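Two complexes, one shared chain (chain A), two partners (chain B, chain C).
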Partner chain A sequence: MKNTNQKIITLLFIFPLLTGCWDQKLIVDQEVINGVSFDLEDNKIKSTIVVLNIIPKGTNFFDFKNQMSSATGYSLEDTYRELRTYYTGPLTASKSRIILLGESFAKKNLNAYLDFFYRVPDPYLGSKVAIVKGVEASELLSTKEIGTNPVAFGLYEIIEAAEDNSTVTKGTLNTLFTYFNEEGKDFLLPILEKKGEDILVSGAGLISDNAYSGQMISLKECSLLLLIMDNYGELVDLETYLNDKKKLNNQVSYRIIKSKRKFNLTKDAAGKPRVDINLDLKIFLHQYPITEKISPKQIKELEETISRDLTKKSQSIMKKTQKANSDVLGIGRELKETDPAAWKALDWGQTYPEIKINTRVKVAIEKTGILK
Partner chain B sequence: MLTNKNLFFLIIQAQIGIGILGLPYILYNHVQQDGWMSLLIAGVLAQGIIIVLVALSRTSPKETFYELNLRLLGNVLGKIVNISYVLYFISFSLLLMILVTDVINTWILHQTPRWAIILMLLIATSYIAKERILTISRSFLFFSFWFIVLIFLLILVYPQDIHFGRLQPVGSNSFTEIIKASPDAFVSLIGFELILFIMPFIKNPKKSLMVLSIANLFTLMLYIFLFITCVISFSGVQLSLIQAPLLYLFRGLSFEFVERIDIIFLSFWIVPISTTLVIQLFNASLGVQKLFSIQRKKSVYLLSFILLCLGLLPINLTMTESLSSIMIYLNIIFVFIFPALLLIIAKLKGIKG
Partner chain C sequence: MAESHNEFLSSDLTQNLKIIEEKMKQTADLKRRKLTFHGEAIILLYLDTMTDKESIELHIISPINKQESKSIENALGTKQFSIMTTFKDISCSLAEGNTILLTENCNIAYSIATLSDEKRAINESLNEKVTMGAHDSFVESAATNISLLRKRLRTPEFKVEYQTYGSETNVEVAICYLESKADPTVLHSIKSRLEKIKNDDLINSRQIQEALEDYPYSPFPQSLRTERPDRAVFNLLNGNTVIFLEHEPSALITPISFYSFLRSPEDYNSRWFVNFFYYSLRLLAFIMSVTLPAFYIAVNAYHSAILPVSTFYTLKLSVLNVPFHPLIEAVMMQIVLELLKEASVRLPSAIAQTIGTVGAIVIGSAIVQTNFISNTMVVVIAITAVSSFVIPIGEMSTSMRLMGFPLIFLAAIFGFIGIAFGLMVFTTHLVKLTSAGKVYVEAPEIFESFLNKHPKNGKGQDTNAHE
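Presenting the complex of A and B:
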């Protein structure tokens, strides 16, 4: 009996300790930020946040309302201080889905501004980050919904879809932290544009030295760039004109089944780095201008046309990255890892636009669909 | 009596604990991507020490280290040494508790005061530490499930955005630099000194050297695997900033239904961390038992009370840091130099077990 009493008393002592009442953070008390955007306005930062309020409407029916507010200040903390006052509970970024950067804001050193997200353990690092072109980033957040999704979720999903379709590389706030601190490698960020009432991912923005270079790779060329980077998504679809004369319905389109990249970093006669990239693609034709039998001879010709076309395109893409001084391939990083002495001797920001990057694409048609 | 299996899990649980959270960060800041070499060197060093410790405990397998001290060094000197060992274990436990509370405070429980966390930790650890060593080892066997979870989670990192090239260039640091960093790695391997205190309880003392070596190898491999995973997933400057790379690694993992693996992981990782504390308490309590001739159960409670009081002291960041740097040297003295001296004395006296 004495033993039982002792046990009960011990338990009574332990239970209050186990509840951890000091650190309760009830979700109903908190205002959960879903989307954040940053713009630059007369040399001040304008932060906008969207908080999703769910309104229950009887059993299993919900409506939602986005509560959006903006504040301007010289630093993120300034704006945060103001933003806090608009909401009934403490703000938390532990579930933010999307972070939008206005074009002018993105041209600043992003690493310095996003520090807040990395330094404390609460913010959610799975958020997608995108640059907004044409309009202010906050304007995108003011859309109520995309499809049937609330805006922040909708934006998250269209970016995710763009990643799957190999428009941009897979990335979150977390991978950005890695890229920011990586010497000799730049990265891509998705570009969002507003077309009428719709929002689309219109390409990949080239980041140079942790700031948006202002130049982008258009939607049509993105997939090829990702192939060259050897960092593509689930689907890679490309298309090629059969000849230059006719544009209307004269395109063959194909899906990449297998891609093999050979990356070769050498030195040229003058001691400058020189890069050769060989892409071996196995493709699957999924659209041909005419529904007819494609003969083996035609397939040979097609392979040549496509190889020539992609080689030409890839050259021009690499030129674009050099113009933007955005080493998305990580050539600098490769040099740093394989030849540290040469890396130290070079100023990569100056060197990258001038080095020779040779690309060659070779295509083999593996399948022609269920039709021959 | 402890079987080989029991001994193995006792040793790995004693070795792996809080150190694993920050180890890649510390090593990277010293020798960048060559940290795994420092780890290897520390592992070889640890192996050498294990040989010494096992040789020492074999000189009289029926005695614990404290009894051996008293017999070899005489009553006065032996007592002084025993007291200093108890103090060493207490300060080790204190540092461990401070580090744990720091991590928990920054990552999960921001507002919970330190004493509450320390109290919870001590209640749980003393509850285990007061038991017989066989009971302790059985519970440790059960807790070792978390190592499988850890390894599984580390493997999940690999499909993410990683770059093996970050391990290059290999050997960019000079050999002396790499050796200089190895004491930092050595701290995380500490724990095998337990063998000195449990030798009388081992069923098969002849096999103990082999079991200890395998346990040490396991820990070392786990650390090297962790270090390499961290280096390939974080870019250079990033890894030199993140104080708890293991948690940050999991912070980036995200699945359809589970997010924030880091916090879930840390909540459970407290178990392997407290096992280290259990071992320290066990070691110290044996000493207290010997010194003051009280029951071991009571000495565990006494030590826990002392640790709780010490934990209430206002300890700031600089004190913690100086304590950890002192600890690095204390570890080498208490775990290696002193037992080695004792072994020499034992051999000179011609005492063989």
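Presenting the complex of A and C:
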């Protein structure tokens, strides 16, 4: 008994001495990747990372500096190996805020490339993913700061704000993974654009079969698409021209208070899937160019104008998604769930652009603000 | 016969006196007074340093001098006395502060209780303070302490047993319990354990505590030492036993459960949700004081991935120029803290204030400015210290703080796995612990204990309310 105890105690001492501390990563030593971007350059991947260094300037004061470096290679791991050599400590992606994809890179099969982020535990799955349009993705990272935030944080917050304002669907690296592995549903990625020195979210990019289709929904139409998807953010503001003339101050704008979507998947005579979407919106009028009492009759008219306008817009949006072959509504998934036989018989990639999607929006004005 | 001659008093007064003085090793504070009572010589013997001279004067000397009564027994009528015949009894009795009265031609002696009763007045408890509730605390006299309990427990069920311990110290130990509530088997085991130290010289209650503990090597105290009568009474009513050692201003309560250490008598004096809040706060403090530094080290050295990005950069900023490993930082800071605490306890109160200044300004802020220890580590250790001070019983509070040390080392070597392993060992140990044969830790019935305490007479149900 005593002998066994002795052995156990010796082992307990030896194990920590042999193995302990080997995976220690002190906070001081760590170099934290904040932003990553991928571009395609002469058929090679160009990875760029930005590491935020904090420089203390006495108590309570500090400055920061972005250290940016790029590497090219045939795979992500290839480039990462080179990138590691640029930094003084072990690199960690556990705090990465943003992953930017160059337009050309995004058109590749994202699933296969981003796989790198899912296999190891280190990368932060809460990072936002966005497509950069117009310029190279790495160029966006070279900006020092957005507002007062370091670039990666600024981009993260821009996208988060866009999500709240219902420009794009809420999404992170984590939600992307679920989409990658789900047949019959595509998704949206925010599109970032550089306008002068400023960076903005200019719309939502339509992803088709895990690759960017090259088509996007513009900023003004995004909110309506999200309403149709029934996946909107905290604020949904829309506007409609009062009549066909596009002139100054001729718009009524409103906020969606409540939205109810009816999604109906049926088969048409030819056996093709057919989708009817009915959107019931309760709105709060927050801008109406005529400051006067709006009579019930006018409200009726306004409701009709808005309904007509939104119906028309929604039709054109759905056409766009069909053109991009991006099934963001998950109609394919719905079909797969409700009618597996039909789903198997169809090649969804070819069917989706051709099916009939019928949308109808009905608007009821609930409030007109403190002005009657 | 030679033996008995030495053992028993003879009728020869001078011979007796000589033997007694010899027995008392001719100590200088043994005084004698010579009196006459109805023509017979009387000798009073007492230890000058222990007896109450006024009482001797008033109750022994003056009645004898008045010669009113017929016999000595009558003269001593007002005073409690006993009759002794052996020298051994006499010398013991003298050592206990009694006065021995010897008469000529008589082979018996009277031992009269004249112990000077120099007691500290009942003061407010220094170590277990409350804002609400009784403010009295135990003093260095078992009799007074028991009277404090009796005042609260006016029932014949309250039973006190005295026993004397130690061949040299001869100190009295009082075991108190409620006959109707105490578990006889537990009581029996307590008594039999105390029996084992019958001949040891008891000086402090730690010795009793040690004898009573099932696991003397455990870091956790298994009997509660309190200064507060209300706490003792509360435990008596729960069927626990209270043990007093004469000259010790505290009661030992056994068996006791772990959760009692997290309780203050004030809790039972407050509204149920206040009670609940503070109890939960102390549970939290217990967990924090044991694990917080270890947790910080593990996060710093291994698991920074779990930190939100803003916290990460705040941390990084604070540790950026610190040359030490977080483990060394933590150990250094813990030692500094223990030093400060120990210094402030040992120093006279007038100088102790200096320690506060030294601690706060010199060590607290200078150590950070010189980049020896990071700001966060100072915060972590300070929170640990404060949460351990929240625990109402000092013994437990120190145990908790010191228990953090093994966890700190485990965290530095293995990270979270080390902490989990350490806590597993602690929990296994705690669950196995018993106090006087009773389970030390049970499932914490936090909600149960409070649900039962809901005010029973709600709105309109109290008939007296309408009068």
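Following the convention adopted for this analysis, the second predicted complex is superposed on the first by the 350 of 372 C-alpha atoms of A that agree within 3 Å, B and C clash if a C-alpha of one lies under 4 Å from a C-alpha of the other, contacts with A are read in each partner's own complex, and residues count from 1 in each chain.
Everything below uses one rule, namely that a residue touches a chain if its C-beta (ideal position, glycine included) is under 8 Å from a C-beta of that chain, and two chains touch if they have at least 3 such contacts.
All values derive from a computational prediction rather than experimental measurement.
A.B. asks: Taking chain A as the common reference for superposition, should the pair chain B and chain C be classed as clashing or as fitting?
C.D. replies: In the arrangement built by aligning on chain A, the partners chain C and chain B fit side by side.
A.B. asks: For A:Ile54, decide between first (touching chain B), second (touching chain C), both and neither.
C.D. replies: The answer is second: A:Ile54 touches chain C but not chain B.
A.B. asks: In the overlay, answer first, second, both or neither for which of chain B and chain C A:Thr175 touches.
C.D. replies: So A:Thr175 only meets chain B here.
A.B. asks: Looking at A:Asp23 after the superposition, I want to know if it touches chain B, chain C, both of them or none. Which is it: first, second, both, neither?
C.D. replies: both
A.B. asks: Identify the partner contact of A:Arg97: answer first if only chain B is touched, second if only chain C is, both if each is, neither if none is.
C.D. replies: second
A.B. asks: Check the residue A:Leu125 against both partner chains and state whether it touches chain B (first), chain C (second), both, or neither.
C.D. replies: First partner only, chain B.
A.B. asks: Compute the least Cα distance separating chain B from chain C in the superposition and give it as a whole number of Å.
C.D. replies: Superposition on chain A places chain B and chain C at a least C-alpha distance of 5 Å.
A.B. asks: Do chain B and chain C touch any of the same residues on chain A, and if so, which?
C.D. replies: 20, 23, 121, 124
A.B. asks: Of all residues in chain A, which touch chain B in the complex?
C.D. replies: Where chain A meets chain B, its residues are 14, 17-18, 20, 22-23, 121, 124-126, 170-172, 174-175, 177-183, 185, 330, 333-334, 337-338, 340.
A.B. asks: In their complex, what parts of chain C are in touch with chain A?
C.D. replies: 300-302, 304-305, 309, 312-313, 315-317, 319-322, 325-326, 369, 412-415
A.B. asks: Residue numbers of chain A touching chain C in their complex, please.
C.D. replies: So the residues of chain A in touch with chain C come to 16, 20-21, 23-28, 30, 32, 52, 54, 56, 59, 62, 92, 94-95, 97, 121-122, 124, 153.
A.B. asks: Over in the complex, which chain B residues touch chain A? Could you list them?
C.D. replies: On the chain B side, the touching residues are 106-113, 116, 119-120, 123, 161, 163, 165-166, 168-169, 172, 233-238, 241, 251-252, 254, 259-260, 262-263.
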